[in-house]
């Protein structure tokens, strides 16, 4: 049990994932929610890299996938911050519950 | 907590020393042969021999480092859940990302670890903090949700975790027992320009689109 | 232009509003009616012959023996030559002038019990702070001034320090303001 | 007569908590012991210290190179890793290795070399060396900056503490700073306020762990060293932003905002400029990039072609911005933002910011030296050394001294530090919008053109062809001339330092 | 659903209702620049209403150094008040002394000896150089260039040495007094002065090279804080600030007092960009023009001093007694050209030895009053540039 293996990393990533989900559910600040998304993406990355390391056979597909996730996350953050600013410009707050103009 | 706060410097210095010690012992270590024997320039099509970069990390060291940085990762992730102040949340996120980067290094993904540090910790996080500064009315305005919501969310998260954990522990993964494979940047670059050329190009086009989109959305009215 | 000519122009235009003229003094001045003062100020600034475009100084006087307060306005006519077309012109309403280079003083006297003078800060922007200083130090209230508050003393200061009958406070917010010298020389 | 009552009182005892108390105690004890000696023999102590540092440095160097080459490389079987601390050799094996290497008395030396074989021992030794270096570099850069600033401004700078030209002024300042009160402003975010200096300081140190000072002089030979160091420089910014945010001071927030703005704008041209040597050599490993520049100063990457030359200039400008040095010292511009992000900091934490800043100055200079200016090689080509020098210890020392070695690296870095100081004390500060325009409107498109141009140049122009050689030689000559010119300016200023100070004899008071 | 908790703090100065401009709407912030701030040249307090780096409003608040010098003047004989005038514009004590001395002399009708007039003028011009050196140096400091400051102070120290040799003081001289100057010049003073001028004049070219034409400096100051000529006259700005706006008005030339009509000198004014010696981006009335007028005035002062040294007559240096002058029942208003602008003294006598009213018109007081008019709409970093180019001395603003 002490010597780490794949399961350790997977459990760690699972906790990280749940934390991310919790943050997304509880935070009202749009940027806070963005941080939750980043947590989830990171847990996915940890999984990718861990599988890549412990997978039988050569190659490094997992790392490549993680690399793309990082790139996409960065792009997503840029767009999300821009959206936050637009929301702030229009509503004068970034409380996501206030952005309910499309609410039925 | 107040007692803890009073000894912050001691604690932080301890953390600092621990981090340095860990780094010094950590996986980043490679012996390298005499530079004259190394290829002066990585020519395309020529793979660097795998044993040129031999990690010295033994399973014991790897485990110790995993527990340290995995613990730091979890602590900061939980801190992210607890903190109410956005900048503190960003600080927690910074430690989460940093610990994740060290885990990548442990797993032999050096390039990924470095990229994680430079893109996430150095770029995305600054962007987030910047967004916080631009959109905060004042540091003293906070958004809270009701305790009931908090409990419900925690319940959902815990149930989710147990489901995932059960699934993870019961599944038989096809595992290799082999040593960590270090990946060189050259291998990475070659793979990106051959096998993964299409996703690479798609990603670059997407980045361009994102850049234009972000600039458009935050433009001057 | 000599002070006599300025005085004549003023008398011709405003007649009785020019109450007095001390033209033989070391610094000649005219005394004008406080009610017409704003019009006179506008005239002084805008008239082609006068063009007093710069209000140099506003000195508030306490004429205790006459039970009056006075404000003395020292004016210059400064030749404004616009050096370049790219200069931003406008703002204060002053015109560019030929080389006049004369100066003149106008005195406005008001009753010590009701010291109110119309402001000329809309005529010469420079009057803004000078009038606030006169209010702060001498207690002359300038009507229609945009911000008639104390400028040098704190906002909660009591009394007007430059009046002849001013008594120096012995303390301010618990800070003693007396020394041996001031106790023995109460005139300070 | 009334008594003046003072409504405020100075605060009583200065509090020391945690590490600062500990360090203050140590510092006092050491200073108490050392002060009489220092006062008695200031000059000789300084000279002795300098000689000792040089000797220890050379010994260090020889030791490591020897251990790597002969003990571990030659005699032991690398792949046989016994235990997690690293390779183990027996004393007999070491003696054998020493004998092979031609050591005069292997039987005696073997005990000295025994611990060196362990990776962890060598790591600790070099980590200690790096930490010592990092603590000395800011101290002496600050002292030197003050001396240079003094000379530039026709005054003398610090002259008192320590005797010879105030050489221990920075240490005295450090002791003073440690002794200052531990202070967190009211309503500040205490945790972040305390954390921020470390976030700014630690990355600057970590960057040193991947920065090679010589072929063997690197703590961790990283395949991705360049990216790692850039990441560390980027993380440092976060500390600054946190400090500004947590201080509960509007000026500090301004400083933090400016730092964020500035970072977003300079980081891109800087990263692109660093890509140029990477493209030229084809690796991210700094050691390799350094080692291809060993063939004299014409082989330095900066003189390789016009594009690398331009990239070096762009990099240096962006590096100034990344160190928050004038004319880009906007986050802490004292005539606008009081002190910017560290307005509320004092004492130990403030000194951490400064240690971080000066360490970062050294790191960016080191990057510039390694990537553009021939790394640890002297302007003389190594082939010359191979022709005239053998492989015995003395020849190696001479090689290190004249041709290639950490001494040259430090020397070049110090020169670039000097240029930074020179710029700081000469130029006024740029405005924030001008920084953004300069970085995004000029440097970014310029770097794009350079990147494209360099790619095409590398692709189309044959190496060592006529065009290639022409540009290489021309740029080398120009660059060398510029360097000589700058050195001669500095020398002129130094040699004429008395004449530069105006003096006018005026009789004093009449009758006195 | 969610609640927004606003934790208010007593000193939060954010006005939530105000609408701000700009592309990204950030919150307006009120900031106190000063009274303790490195760039406000003393205890000026400017309340800035900002939107990010943009200044929406900059309201100067003064009075932190108020000592009611006028009240003191109404309790002291003129010769006793001279030391207090030093403390108004403490960078130009000689000029302040001179202004009050001229006012009293004109009120009482004292004929000042020729030699005293020349000595006064030399010292006034020297002090103008010294004061402009401080303005030049601190302006560099405001722009983030530290070195020019020490260069200028090196030269200023020599002027102070000269002053010290003549009157024993280095900052508050009380040298020029009613009816002349307090002491005659020490031996060889004029020789040393000439030596100094020979040393100083080439230095101005050095300053220009170091700061005036520095590209960054020009970028920071050109087209920043533009004051039009009409505005400058309307707000009664005087001195280099007025001349920087292109108005050729210098009391030494326009209405010469004392002996200024005997000397040849030019009045530098702000010129549009592209003129000789003016960078292309400069606009008349901007910070660079105000700054440059000072630099050029130093050279003109040197010119005046050289002529005065040549014409220096012999004779007494003081008209007569200083004490117990009877001030007639009359009033006088005298203005002279100080380094910072026109310093005016209004003095009213009532037949006794003590003036009934002393009013000082400080040039800095009038000059700084335009700050809000100029400062709105510029960037935060421009505020030190504007304040520095107006060159205030708080001792004179607050008196």
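Some notes on this structure:
Lettered A, B, C, D and E in written order, each chain numbered from 1.
The rule is simple: contacts are C-beta pairs under 8 Å (C-beta built on N, C-alpha and C of every residue); 3 or more make two chains touch, one makes a residue touch a chain.
The structure presented is a predicted model; accordingly, all values stated were derived computationally and were not measured.
With centres taken as mean CA coordinates, the chain nearest to the overall protein centre is D.
Ranked by how far their CA centres sit from the centre of chain A, the chains are topped by C. Between the CA-based centres of chain B and chain E the separation comes to 59 Å, rounded to the whole angstrom.
Mean C-alpha positions place chain A and chain D at a centre distance of 36 Å. For this pair, chain A with chain B, the centres built from the Cα atoms lie 11 Å apart. Shown for chain A are the residues in touch with two or more other chains, namely 28, 85, 88, 93, 95. Counting partner chains per residue, chain D shows two or more touched chains at residues 257.
Those residues of chain A whose C-beta lies close enough to touch chain B in the complex are 2-12, 14-23, 25-32, 34-36, 38-39, 42, 45-46, 49-50, 52-58, 60, 63-64, 66-68, 70-75, 77-79, 81-86, 88, 93-95. Listing the residues of chain D that touch chain B in their complex gives 17-20, 22, 69, 72-73, 78-79, 81, 84, 86, 119-120, 123-124, 127, 189-192, 194-195, 198-199, 202, 205-206, 209, 215, 219-224, 227-228, 230-235, 237-238, 241-242, 245-246, 248, 253, 256-257, 260, 263-264, 267, 281-284, 287-288, 291-292, 348. Interface residues of chain E, counted against chain C in their complex, comprise 62-63, 66, 68, 70-71, 74-75, 106-107, 226, 228-231, 233-236, 242, 245-249, 254-255, 269-273, 283-285, 330-333, 335, 342, 344, 346, 348, 357, 359, 361, 365-366, 369-370, 373, 398-399.
Residue ranges on chain B touching chain A, taken from their complex, read 59-60, 62-63, 66-67, 70, 73-74, 77-78, 80-81, 86, 89-90, 93, 96-97, 100, 103-104, 107-109, 111-112, 115-116, 119-120, 123-124, 127-128, 130-132, 134-135, 137, 143-145, 149-150, 152-154, 156-158, 160-161, 164-165, 168-169, 173-176, 178, 180-181, 183, 187-188, 191-192, 196, 199, 203, 206-207, 210-211, 213-214, 217-218.
Across the interface of their complex, chain E is touched by residues 25-27, 53-57, 59-62, 72, 74, 78-84, 86-96, 101, 103, 105, 124-126, 128-130, 133, 137, 150-154, 161-162, 187-188 of chain C.
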